[in-house]
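Got a structure for you, written out below as structure tokens; questions coming shortly.
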Amino acid sequence: MLSFENDYVEGAHEKILSRLAETNLEQLSGYGTDRYCTAAAEKIRNACECPDAEIFFLVGGTQTNAAVIGGMLASYEGVIAAATGHVSVHEAGAIEYTGHKVLTLPEHEGKIHAAELETYLRTFWEDESHEHMVFPGMVYISHPTEYGTLYTSAELEDLSAICRTHQIPLYLDGARLGYGLMSHNTDVTLPLIARCCDVFYIGGTKVGALCGEAVVFPRHNAPKHFLTIIKQHGALLAKGRLLGIQFDTLFTEELYCRISRHAIEMAELLKKGFHERSLNFYLESPTNQQFLILKNSMIERLKRQVDFSLWQKLDEDRTIVRFVTSWATTKEHIAQLMAILDEIRV
Amino acid sequence: MLSFENDYVEGAHEKILSRLAETNLEQLSGYGTDRYCTAAAEKIRNACECPDAEIFFLVGGTQTNAAVIGGMLASYEGVIAAATGHVSVHEAGAIEYTGHKVLTLPEHEGKIHAAELETYLRTFWEDESHEHMVFPGMVYISHPTEYGTLYTSAELEDLSAICRTHQIPLYLDGARLGYGLMSHNTDVTLPLIARCCDVFYIGGTKVGALCGEAVVFPRHNAPKHFLTIIKQHGALLAKGRLLGIQFDTLFTEELYCRISRHAIEMAELLKKGFHERSLNFYLESPTNQQFLILKNSMIERLKRQVDFSLWQKLDEDRTIVRFVTSWATTKEHIAQLMAILDEIRV
Amino acid sequence: MLSFENDYVEGAHEKILSRLAETNLEQLSGYGTDRYCTAAAEKIRNACECPDAEIFFLVGGTQTNAAVIGGMLASYEGVIAAATGHVSVHEAGAIEYTGHKVLTLPEHEGKIHAAELETYLRTFWEDESHEHMVFPGMVYISHPTEYGTLYTSAELEDLSAICRTHQIPLYLDGARLGYGLMSHNTDVTLPLIARCCDVFYIGGTKVGALCGEAVVFPRHNAPKHFLTIIKQHGALLAKGRLLGIQFDTLFTEELYCRISRHAIEMAELLKKGFHERSLNFYLESPTNQQFLILKNSMIERLKRQVDFSLWQKLDEDRTIVRFVTSWATTKEHIAQLMAILDEIRV
Amino acid sequence: MLSFENDYVEGAHEKILSRLAETNLEQLSGYGTDRYCTAAAEKIRNACECPDAEIFFLVGGTQTNAAVIGGMLASYEGVIAAATGHVSVHEAGAIEYTGHKVLTLPEHEGKIHAAELETYLRTFWEDESHEHMVFPGMVYISHPTEYGTLYTSAELEDLSAICRTHQIPLYLDGARLGYGLMSHNTDVTLPLIARCCDVFYIGGTKVGALCGEAVVFPRHNAPKHFLTIIKQHGALLAKGRLLGIQFDTLFTEELYCRISRHAIEMAELLKKGFHERSLNFYLESPTNQQFLILKNSMIERLKRQVDFSLWQKLDEDRTIVRFVTSWATTKEHIAQLMAILDEIRV
């Protein structure tokens, strides 16, 4: 069945599979010490324009968030995030499991506002009883957000300035970073992210890899013994080659950008199709996730032929649903979806 | 200096001190196995009309909350609380330190609403991705709340019914329970609490003891090896007698109720005095905590002669402040405060 | 350079790579709900003769141990393991990070003795102060052990009987299980393991997969919401297909057994070669890990041409070293190693 | 019944009770900010000859160990302790509950040897795979130990020098520190402890207080926001006055030393009595805990008239038992015990 459920329904980009096959019988050392991890890290440093960056490869997003947040916070600190942030809602309490509170700010289409962050921090320090409260120790943002929205470069710079004033790190979760960077509607680049953030990760799982996320500490600022922290979180892959080869491939000849751009083009086609059919957008994002408001009766008929996510109940009759494109989406997929829509709506 | 800052500015009721002195050289076994702990537990069982209750004595509120919540939740569960709940805000992340998320509901003068709890629980179970979320594993309420407000018996019964439908325990934090039970404006009794809740604690620290909270599992329903859980939390007092003697004294001849009633009478005097002086209430509670809105200039002058809490900034000129009475407040204290107010406002 | 450093220096068995390529563009649901995970689980159930087994696929060994142990223990319980157990020594404290103590027993070539386990458990319960101690809540063994040694079926049955008497689960870490099952010197089968243990895992990473471990709860006895526990540990792979396809391949036409048997044959050749050259065994194991005592001067020369592990310093002049074969080791590898040894020892 | 079971069977020294009564109705601020905590801290600074020391008052030993160890270690670090250390065995896993491993060294009558510590540390750093292991991040010793034995000043200096070389803190658990300092057989003083250690605590619970331990960071070297760490551990007492008044009393006119010296004198009488009756010592300590080997038949008769601890089964017929004196033991207690012994052995 046709699926727009998410951006990880297919395997990996074919170049990745062929590189895995070519290198398969090379004997390589484990735990990220192999030559492919080294090469991938160097290519990422170049792409970020951060010659001193430290790079670590982990398998998935939740474990990356837990290792970074748990590894960087003092015991009495928590992480600030949007109320809709992935760490706030959809990681089964993985952050709290490391002993740290997620401190939430209001979300605005998935984003936090610099002014609200500043108020939060100032209010905390002014509070007479703040020693009895969780200290804000880090700011977490996702880019694109869980709603597919994007920070502008000005917004990132504002958040960064506030974090620096308060001497807490800014962490950007880039599970879908490629789709953000290649949006038609952004002025944010990888080097800008590297300048604004103290740590971020470049998502592979949702952007063409079988698995894998690349954590970047842009100014040689990884916590001491971060490899051991990764191991302690159960997140150190024995065959680190699997991650090194994938990221080396993604960062060779701009594959990461090229396949992300393709997903954006598919998303633009998708939006165009939805508009032509006068479907009701809940949120039309500049990246690869689109949110519609559909009647439940229509959802029922549509679900027989195509997979997509039920995001949230809106009222008794209508539900917010999500359609996602990816590096693997084809024009034919879009055309099929439109044909199904036309058929249903006749 | 005169203080209405909180209900723990004095030591202990004199009867407690004299009992400690009388029993001082008795040789007693440790960790809550002494005869005074046994006697206190029996008196509490009677007061709760729960012959099968299991009672544990701990030293303070935060450690009690951490031991009860951490000890009863499965690893994948969190505790639901009002956004203003003590566990949500003022325990320095002690609950998250045990690995569990505090899931917040909107607060209404410190209370949660049964309807919102029900919606939260239903929505959780209906959510397609709830397996990626923190499971609601317990409901925490405080009674009186952090704002001195009280649940009615009907409200407690509603919350209890919802919890039983969803098979999660209802936990009542009674740090100031005496002041709630003795309010002029309540239909909630200790036996009713015992019937509605699966676990609750009777606060001693704020109601006449040097320290100590009595945890009650009303239906022989303590988690297995709860004593070891207490020890693991660093909350098992070696000289358990210190807690046993205090609670035995408080639950002899209704001392706990009598001194709580006195605090309520002092609070009524305090409210009367505030009204007579046309002070602006932010929240006039039925218990021992009263919240006023004062001009900052007035606060500055008042602070020279009396201690009270700055609760929250309201705007540039005004602040919400809190005045608290206790078992130890006297008519003279109230009279002094009123004289100071009159002097300042001349 | 030639490597006998460990059993994860190569990628994956070629059948796995070709299956990944063949299925790459199928659109599959995530988190282990795809048809390949379902098929793999069914094949594992058959191989274990456990029609009711629940199977979960995780990425690596440390995270598997943390999720299983952290997910099954009560907060006041610890896990019993050999002093040399992987969880005791080489997981960077991942078990303690979940809040649980590793309680160690003496090791005998990596194994624990049933009699010592029984004494430990009896002594614990007899101890007057056991409520102040960590309760033994699970027994962890590795099979093969970290020294390549194997339990006999009688030994497993004894351990199992003790665990059942004391009502604590027996957990077997099978990171190298294939090499244990295919040893020339064992009477232990997969169904026997399933009968004796309450949970175990079948290692993929070290036995031909790119990554992946299959956790088996043989009697439908997984902890409630174990999927959420996995997620909370950051161990739930988005593209679960990566694990499902690998295990489906390994358990089709006995590939797992066949490649394990090959590794054992290579190990037998290796041992023969070592004996013919009169090398000094520290421990000659029945599986794929062999331990020699070598002079440091020889190690230095050998290291220029071949990789192997320095296990432990024996004295000033000698070190215990480890050579490992795997599914990917060839006769040519062995011959090359022997030629190097002959050249060095001339 | 007469009790030599431990050093916390009585309440508190009478001076403490009278000071509590005298100050009872003073209105004091909470959480250790009152004038008595301030005064007690200053007196402890003087006694330690550490004008810059930071002092915190906690309620009990286990919570103190958890807050200090959990608050000072990085997430990837563990604490080194003797296999018989209180944190290793008798705190119900409170240290592991904070996420940290207790790394054990062999014990020698409860003590660790500097040479073995040095070997452990050197071996750790030399180990090729130490990044996969728990980093040694602190050394924990108890003084007196759990066996009543004492380090010499030379031994403390050696341990201190090793810790400084390896840049890890030395932490001394002084639950019974008074009895160590007042032993007839020691050259260790409080200023020496303050010079050698990076953090230690002066025990009150076992030395005349109702409860309370004073943590000393001798060189203004407390972890940042240690008060919040204490709160997070549920270990911040609301009525801090209870601890301040007790320690202020204990450190006024050397009360702490005087009552400790008395306990030592009682222990000397006890030992003399045991020797005169040719009882079999398992370990004759220089402090207030004495260990005998008694036949089980004798234990049975003795237990009818006197309480003492069963320490450990020695063989089928004999058990190691412990007798403890304290600040509250009287010559009459000793005489009664001896009379009972004489009667039984007739």
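So that you can tell them apart, the chains are marked A, B, C and D in the order they are listed, and the count of residues begins at 1 in each.
Here, contacts are C-beta pairs under 8 Å (C-beta built on N, C-alpha and C of every residue); 3 or more make two chains touch, one makes a residue touch a chain.
The model shown is predicted, which means the values in this text are computed figures rather than measured ones.
Colleague: Spelling it out: a chain qualifies if it touches subunit A and also touches subunit B; which chains qualify?
Modeller: Looking at subunit B and subunit A together, the chains touching each of them are C, D.
Colleague: With centres defined by CA atoms only, which chain is the most remote from subunit A?
Modeller: Comparing chain centres, D lies farthest from subunit A.
Colleague: Using mean CA coordinates as chain centres, what's the gap between subunit A and subunit C in Å?
Modeller: Once rounded, the distance between the two centres reads 33 Å.
Colleague: Between subunit C and subunit D, what is the separation of their C-alpha centroids in Å?
Modeller: Whole-Å distance between the two chain centres: 42.
Colleague: Averaged over CA atoms, how far is the centre of subunit A from the centre of subunit D? Could you give it in whole Å?
Modeller: Their C-alpha centroids are separated by 50 Å.
Colleague: Hey, what residues on subunit C touch two or more of the other chains?
Modeller: 75-76, 91-93, 97, 99, 131-132, 228-229, 231-232, 236
Colleague: Show me the residue ranges of subunit C that touch subunit D in the complex, using the header's touch definition.
Modeller: Going by the criterion above, the answer is residues 75-76, 78, 89-93, 96-97, 99-102, 123, 126, 128-129, 131-134, 309-310, 313.
Colleague: Within their complex, state which residues of subunit B touch subunit C.
Modeller: For this pair, the touching residues of subunit B are 70-71, 74-76, 99, 131-132, 135, 224-225, 227-229, 231-232, 236.
Colleague: Within their complex, state which residues of subunit C touch subunit A.
Modeller: 1-3, 5-6, 8-12, 14, 17, 20-21, 23-30, 59-67, 91-94, 97-98, 205-206, 210-211, 228-229, 231-239, 241-242, 307, 328
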